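Notes follow once the structure below has been shown.
For reference, chains read A, B and C in written order, and residue numbers begin at 1 within each chain.
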Amino acid sequence: MIRIRPNIAARSLRRSRIGEAKERIIELLLLLCAISSVCAIFLIIFFIFSGGLSFLIQAGLTFFTSSVWRPTDSFAAGSWGIFPIIIGSLIVTFGAIAIGTPLGLGCAIFLAEVAPSAVRRLLIPAVNALAGVPSVVYGFFALLVIVPWVRDQFGGYGTSVFACWLILSIMILPTIISISTDSIRAVPREYKEGSLAMGATRWQTIRSVLIPAAGSGIVASVILGMGRAIGETMAVLMVAGNSVTIPNSISAPTSTLTAQIALEMGYATGAHREALFAMGIVLFVMIMLLTGLANAASRRRVA
Amino acid sequence: MKRFVPFVLVSLLVAMAVFGAGCTSSTNNTAGGAKLQLAGSTSIQPHAEALAKAFQANNSGTQVYVQGGGSSAGVTAVGQGTAAIGMSSANLSASQLSQFPNLKPIPIAVDGIGFIVNPQNTVSKLTLDQVRAIYTGSITNWNQVGGPNVKIDVVNREAGSGTRDGVQKIVLKGGNFSTGGIVQSSTGAVRSYVAGDSNAIGYISTGEVDNTVKAVTINGVAPTYDNIASGKYPVQRDFLFVTNGNPSGNAKAFIDYTLSPAGQALLKADGEIPITAVSHAPAHAPASTAAALAAR
Amino acid sequence: MVRKRYETVPMGLLWASGIATLIILIVILAYILGNGLSVISWHFLTAEPALWGHTGGGIYPTIIATLAVTGVSLLVAAPLSVGGAIYLNEYTKENLLRKTIRQAAEILAGIPSIIIGLFGFLFFVIYLAPYTGGWSMISGGLTLAFMVLPISLRTSEEALKTVPADLREASLGVGATKWQSITTVVLPTALPGILTGLILGVGRAVGETAAILLTAGGSLNLISSLRDPGRPMTLNIYDVLTEYRDTTTAYGTAAVLIIAILAITLITDWLMNRYTKKLKGL
């Protein structure tokens, strides 16, 4: 941004020092506004970690390796193993990615390269609408439609890993679609035109040129989708079954970090509450790692 | 577009002003003022809401807020001062009392815990031992208790639930639940789950059993009003209102109303056994019930 | 020809993905609105809820609660995000501070709502209880502000970025101060984009549940002040489904929510279209 110095005549008309002080104050206020996000993160990290870090240290490695979760108010009387819960979070997330990525990527390619503009004008608001549906409404739909269907098809509880996969993959679709579409459209036209000029078909061009070129953006979208899936609470709370066990089939119930926290937070006191905050720390760290990977992947795109 | 900007800004300002006015018109939020906060057991919640509505009709100055969250949440809330009255369907535990030494439990009703199955399930009778075996994982198939050859879908409440606590104390005799069951976080959730899954078993307050589920008899005794009141039905517990220290102000007024004939009649109409109707102390009754009865 | 057939399969799959996505949306909307639209009536929107076990109540207190927490979150997040965006775009160059703040906003946007709810519970409900009233609309709204902030910060910054430099220079050239330039020239030009960001944030706030679950209190009474607990519509769907088994009210509330969110989506799309058209006209 080029700063133009007002000419001397204008300067002589300028306001007095009081006006300048006012400008400084405004600038300071705006600076405070700007650093509010940084402050917000510090606050969140401070409170979450102060709530759970000492517990984490006290519980040690068995917190992650034990499968027995019997929380009580006092540390000594309880069993604090969250291994099945971590596994549950990972299983539902990876399944959601496995289902959502092909569908989302396909839709993104469709939007970027194949769809006629009339269809595009219909589909893009549709994807935005999908992004706007509240998670509790997704959970509502899943509880009333998907869970009974899973129960009919596979027997068992219905509230299961598979039900989570289905609804979570739908919930991460908009993330994957919108970012991947942008990535594909950002590929320089010369790549596509060069490929077509050499005689490749549209699909060959998409497959061998566009997707690899947009690769890091697509990967970033998937990782962001992963972050959304692993952080999802309400829908999972309603359809996972909340059973602290490692699921032995896709129709078995499970629990995730988010759902377990939401389920027990209202009444947990003492060591139990600290344990939940410790789970929050675990969740937070997992998501930071994933976001970090996403940033690294999309930074590669600039090169 | 420019035309809309002032309109939007004005609406925002108006909205802010309205909320600001609402903010400053708040009179208080302490137990002695016009706002009474209850929190806790989802088994007690519907009854508390009915009591609140009736109470507010007679005491127009007080607003009674009823929140769920589970028995432990209610006790924690009252101990920390975020609620004036906690609703607990389990007796206060030693750790709760050591954490908040001034808690005062006041029994208001006796409630049975019914074990419910889907109406299509052919099983209608279970013994207490069978229920224990189901919930500790030794019995896993309905054909072991006289039903079809299909796996039992076990439904539990969350760990903070007073109902779960009651089942653990009375049925499991302090033992541990098996980990295989799923967890639903409220009375209504358990009921609607069991209503939808023909192989499920769950437990809810007997006052909440309706025709979407079927309550089994335990040791041949059905969870009827008379059986619970007389103590024949073994799985029962007290509903407690818990206060921090002796109740005062409108907390006391509300509790007095609950224990009055009008309040007790309301509870009875809702399917609970009013504490004043219990002429004996049930086998596992806590000292508080005996004392409350003695005080009458 | 082999090449032609080879082409139609992948093209067919791509079309299928696009159509499948559309169908998913239609199925969900049809299910919710199909069951829920018939529940919506003037009575439903303005009456108090029925007691447990009874039907025929309304969701008026939940609508007010939603407005309350959304209003509080906007009140806090709007000035912070717009002010912050102005500072970032108008007063700094592309330097470390700007990158740090932008990174912080990205991280904030990625934090799961349950964690923000945990924080809100500890900070607003427990720690600041004397000021917020414990579980209350204020606690819920302030917690939500943490989620609205990154969205509107990002969008506002982009909106400001697209204002052409010539406008600013011209304004400074005629002797206006920096702040005068911003308020009279830059902001009005960027306003549609900024409003879009705020509206997107509103959409997020309206649809949020997990954070509200831990901070707003969940009581069904009509709030008489912002320090009262309340139950916004999203929380109502969850409570009503799991505790009361009142699927009718759940459908109705969900339908109202969906309509509100759809309206927000449409308004945002329309605003963005007008905004980009307007910029092209410049």
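In this text, a residue touches a chain if its C-beta (ideal position, glycine included) is under 8 Å from a C-beta of that chain, and two chains touch if they have at least 3 such contacts.
Nothing here was measured: the structure is a model prediction, and the numbers come from that model.
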item	value
Graph class of chain-chain contacts, one of line, ring, star, complete, other	complete
B-C compared against A-C, more contacting pairs	A-C
Whole-Å gap between the CA centroids of chain B and chain C	34
Separation of chain A from chain C, taking each centre as the mean of its C-alpha atoms, in whole Å	16
Set of chain B residues in contact with two or more other chains	69, 184-185
Residues within chain C bordering two or more other chains	241-242
Chain A: positions in contact with at least two other chains	266
Contact set on chain B toward chain C in their complex	1-2, 5, 8, 15-16, 19, 22-26, 29, 35, 37, 42, 45-46, 49-50, 53, 63-69, 80-82, 184-189, 191-192, 195, 212
Contacting residues of chain C [partner chain B, same complex]	51-53, 68, 71-72, 75, 125-126, 129, 133-135, 138, 188, 191-192, 195, 217-221, 223-229, 239, 241-245, 274, 278
Footprint of chain A on chain B - complex, ascending	69-74, 76, 95-96, 99, 150-151, 153, 158-160, 176, 179-185, 193, 196-197, 200
In the complex, chain A residues that touch chain B	70-74, 148, 151, 155-159, 237, 241-245, 253, 255, 263-264, 266-270
Partner chain C, residues of chain A touching it in the complex	1-4, 6, 10, 13-15, 19, 22-23, 26-27, 29-38, 40-41, 43-44, 47-48, 51, 102-107, 109-111, 113-115, 119, 122-123, 125-130, 132-141, 143-145, 170, 173, 177, 201-203, 206-207, 224, 227, 230-234, 238, 258, 261-262, 265-266, 276-277, 280, 283-284, 287-288, 291, 295
